[in-house]
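Paired with chain B in one complex and with chain C in the other, chain A is shared by the two complexes that follow.
For the complex of A and B:
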């Protein structure tokens, strides 16, 4: 039998060679291999842009599919051309475009054409497809194809969010018509039949890792720096922070509660980035609940809550107070709130309304930030004689409590802490508080005819100043109803290695394919 | 014979009591258990601060003379919350084990003494409950009814009850055909009287050992549920919730984890040591083996 023998001399020679290679940097280059390791806050569920379930999907779709235009990275909201070589709004209802030549689909599906654009946009707008983003193309009539590369988007009516969200968002992504038509129901979930973007999926291990590699057929111009991007779905921000510290990640969002600590202690070989977010967080009251039916009671509760302390407890100074549901920098942002913290007035108003000793329940998502915020609200309301029971709920339960289709739980809903994500157009904020949203996403059951009319009018108003006025008034109506107390737009904070140059949208959303190496 | 056995063990038990208290480990365990019960009843009154009093200007305070275990993310006194947390642990453990033992005894006696078909039916039911993970049951119950101390007690009671029922059933099966039971039957004594006066006193002993061993388990289960956000809702000062807060805020202060973890560790240790000692004293089989 042959035996393996290792002489001392061979061992020393081998060790020296390994150390030598290490010193010349070969293993370093090999180990890094231009691979970026990044955290996604959830695993992918549906990469079809007509059915993306959340930002966790969209952040991947962004690297796989092109749109006519794309959102700029940096600190200012804006767009730039992506698949379009030329694009212009010729009148309020017509947008003419011409595609770049040479754009290709993977898997042998040929060139990206104007027919693909027509198919993609009309698909989302088609009620039979049942895309949740149908309202992004609410006024689309059709897309006219002139030749292989050019066409015109024809709208029935002017549509203000067209440039701010529709064209540069999920509903503006172009899918491959030929590939889609081969699929049953012309839909897919996590296996994309053809890609046109800089990356393609190499491997997806559910709940563990998604690996993106360069798309060899990509010809969109700007090339990606990294050969490979490994995306790790890590829901818990704290776990992601630990993974970053142990060098398992190159980039991750962090919780605002950790931001101050990172700033104070500093980071070795890493940097911190902060962005104002667009999302909005509010304290809501179900105005159809018998205990809160009286607007005077709701107004008193509004006045009893010290929002600054709530934010301090929840975000450790990492988030500033919101003045509405539309974040600074967007059309329709309000300068100030109408309600001021005034516990004495709250006490008197509760007494006048005969609501002394009121007992209510506050429902919220069971996350550290919300638990802290809820306890401050509980203490504030106890101070004016309102007894609040806290009801922390897991996400599965929380996101159904106000939904009429999910049972009668909405009838028991009284107070809540809500948070919605947002795109850079004010219509995205107001859309969820119209009368038709009562019992769907409008859990406060707020319904105002004036609000609805203004929402519809603002969608068609192309003058930013006039549009802005409408949104300011709409937020005033919301606040005056007593059902809403606007808390914050939060903020996005992330940490990344010194060697990485992240590409982020103004709200801190990562654009994976544009990540590069630090100079 | 069982009656003779129990009579013969009585002098031995009495004789072993001084020996029980001679062991320093047992005294240590008794002290912890006593402290747990004492603080469970009076801890909230001994707390130097109100457990819900917020003080945002002094949050994440390190231990000091004013705040022995520092303050949490809302500026609340951690020591006061640890003391008050003892009541949550005590309440849940006593109520859950009380309910669990009561139901377990009734079902165990029914299964062991009743007809065969009832035995099979109850065993099927108990095995089904036993195989159900308590986390899943807690998730389902909380989804349906919301989180509360009552739900935690209910979940723990349901999931621990089969152990007691099986123990009682096995013991009942082993004594149901003893001569003194047969004699009682031949004297036309009712079944209820036989079960309560002749069987129960002879099968209950091991339950006490199991109870003392189960109390730390229940406390840990309550803490685990609270840690996962499925337990006692805030602002109740559960040790598990304190551990959860400590975990999320560990970069700001290590004291929350320490403050939540140490009482949990000590209580578990105290009850486990005491349970083992009780088993040594009360379990006749162990004594026979030693002899």
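For the complex of A and C:
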């Protein structure tokens, strides 16, 4: 009995110690102050701007590295100077720049110079480096360095996306030449050798948290408000919403399905922000598949689908219908679709084409919104006599179904729901539908000589009006092929504490270092 | 006994090798190209081909399997396709977190379930036995993800007593304990019911055995008969079940890790499968299989050590 009571005493003492330690831990875990707690939809994988794997990386890189210019926050797409004190396009193939004086690298790497700019841009453009963003600098010839702070970007030929995406995007970020040259293969993944931006990484606990703190060497002008930003990788949107409600986060993206719920129940100490997104979602038809070879059949299928109902089911009224692959606010946005929902005409056209009782398969990513969209499409097509089998696929399988290098699956591909994310230049929308992309990313196997020629010409056309006309025509060609039905550009929504003033790009992408306190 | 332990250990290793081989073959036949996912749409076909070669994906499966096992013998599990981090580091980061979650979940379930089962058996067919029975069945019937979501909504969102996400501040033991409470509660909840029912059933069987009746006839106190003699025998099938349960909890930790956004093997393995990150996928699977096999092995050895009948039969 004596032994038993001793054990019990030990147990009680141990429990008390555990609780006590827990209490000691609480203030650290829940400390407030000028700390921003924000969700990232995935953990960082590669912070090297030449190899960023996704927006989840880029949103961090944005606070660590400077570019000559940066994307403006707000509701309209545009750029403003960042590391550049002066920058101008002197002719279609030359851009002269002068850096701000006093910009410094962390870890004792000295001043940010024009040599760093040359190294960074030419590195991405170098095929040996194998950067996926090589096309951003497709026409770069070289960067000429005049002195420590100034230089000229020399292009082989005019390149319209230079100002809209290249210079203000990942490929326009400046890395530290001296630090990079010390690295094996001159590459890094998650440990950045030197930073020049407003923040630096204090600590990264994989899959758990990334902590950014002010960069003491930053001298780029506008300063950051928060002393520390804690970035939590949370893949599941619903988990992030619960974390926000339990006050573990100050800002998070939310799903469109939750948007209405939040609006209906009202928020006491939080606000919601909604933004039109740039991505594009479409319904595609493989025009080389025997069942869909006849353009009349494809056109009939286009007419049989009620896009508005599809969007209501998938996005709960949170997304509007797209008129093409180029979102509103960008050069080349189309005002209207050519195809209208007309099930009677669809029935007649299917009958005329001898395709009554057609059986096809619709492949899509196994996510709630796609499943809902696919079910509406299935019902719409059943209404005109087309029998659709649904094929939901996991992401690993889905993203290779139309790829010729991944086997013969592309031959069986018939209907699909596709979604591509976008940069704010129309060239990044049309790039995936040229003839050389057939069997790579163009899974509808759409190929048009006119389309390709216009895509190339639009890349070199610097007059926005003329460029816009070209992109409108290209979207017309896509729709007339019968292989595409444009669904939506989606939308983004976020929720944040009313003490926070978020800084967002027009598509809702967070610019962490510019977050501030609400007035 | 030592020979038995050696035989069981050899068998456990064989199970590991066979399981990993089967999983390797499954990974080989499932559709999906990791290079397309890893490099994204902006990669040229040449870049994808280069990565495919670096990953050894162009080689026949038996060569890939040979490379995998020979690297494994050198303690090398390969590198993460995306971040270039050694897989062994990812295993070291995630496996302990999942194991701690599973141990805690099973620990509190056993701490509550076994005494409840004992009490139920002693109070057979009385009101309190029936109430415990109803609660046990209710606990078994409640899906774990539902327990997790309700626990989150009540304790994290409404009452704000406990954190909703994460595994706690590294190096801060107290914070890690606080972050462990909800997920461990969620995954252990149903096991309280299972264990209580199992212990009750075996205890009832044991309490009717001759030696127990003999002890009663000798006038030994009821608590001594229950705890010292009956429970010692009744707990044997429970130990075997706990070994299996631990493996099961490693799997059900997946949903807890997703709902509570807690880093661990489950969350990382799911992401690796979705992105066809084969080295990470195989590394995490291998480590989980190894832990599961070792748990069942330990349970078997423990039962053999505790049960003289089994020991004599070896």
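Methods note: the second predicted complex is superposed on the first by the 489 of 519 C-alpha atoms of A that agree within 3 Å, B and C clash if a C-alpha of one lies under 4 Å from a C-alpha of the other, contacts with A are read in each partner's own complex, and residues count from 1 in each chain.
Heads up, the rule we're going with is that a contact is a pair of C-beta atoms (placed from the backbone, for glycine too) under 8 Å apart; a residue touches a chain by one contact, two chains touch by 3 or more.
Bear in mind the structure is a predicted one, so any value in this text is a computation, not a measurement.
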On chain A, which partner's contacts cover more residues, chain B's or chain C's? C
Using the touch definition from the top, say if A:248 reaches chain B (first), chain C (second), both or neither. second
May I ask you to decide whether A:258 touches chain B, chain C, both, or neither, giving the answer as first, second, both or neither? first
Have a look at where A:45 lands relative to chain B and chain C in the superposition and call it first, second, both or neither. second
Just chain B (first), just chain C (second), both, or neither: which does A:309 touch? first
Answer with first, second, both or neither: which of chain B and chain C does A:130 touch in the superposed model? second
Looking at the overlay, does A:189 come into contact with chain B only (first), chain C only (second), both, or neither? second
Should A:396 be classified as contacting the first partner (chain B), the second (chain C), both, or neither? both
Per the contact definition in the header, classify A:378: touching chain B only (first), chain C only (second), both, or neither. first
Shared chain A surface residues [contacts with chain B and with chain C]: 394, 396-397
Can you list the residues on chain B that touch chain A in the complex? 52, 54, 56, 73-74, 139, 142-143, 146-147, 229-230, 233-235, 245, 247-249, 251-252
Spell out the residues on chain C that touch chain A in their complex, using ranges where they run on. 30-34, 36-45, 47-48, 50, 82-85, 90, 93-94, 152-153, 156-157, 160, 163-170, 172-178, 258-261, 263, 267-268, 271, 273-276
Under the definition above, what is the set of chain A residues touching chain B in their complex? 238, 257-258, 261, 309, 312-313, 316, 366, 368, 371-372, 374-376, 378-379, 382, 389-394, 396-397
Contact set on chain A toward chain C in their complex: 18, 20-26, 28-29, 44-46, 53-54, 130, 132-135, 189-190, 205-209, 232-236, 239-240, 242-243, 245-248, 394-397, 399-401, 403, 405-407, 409, 420, 432, 440-441
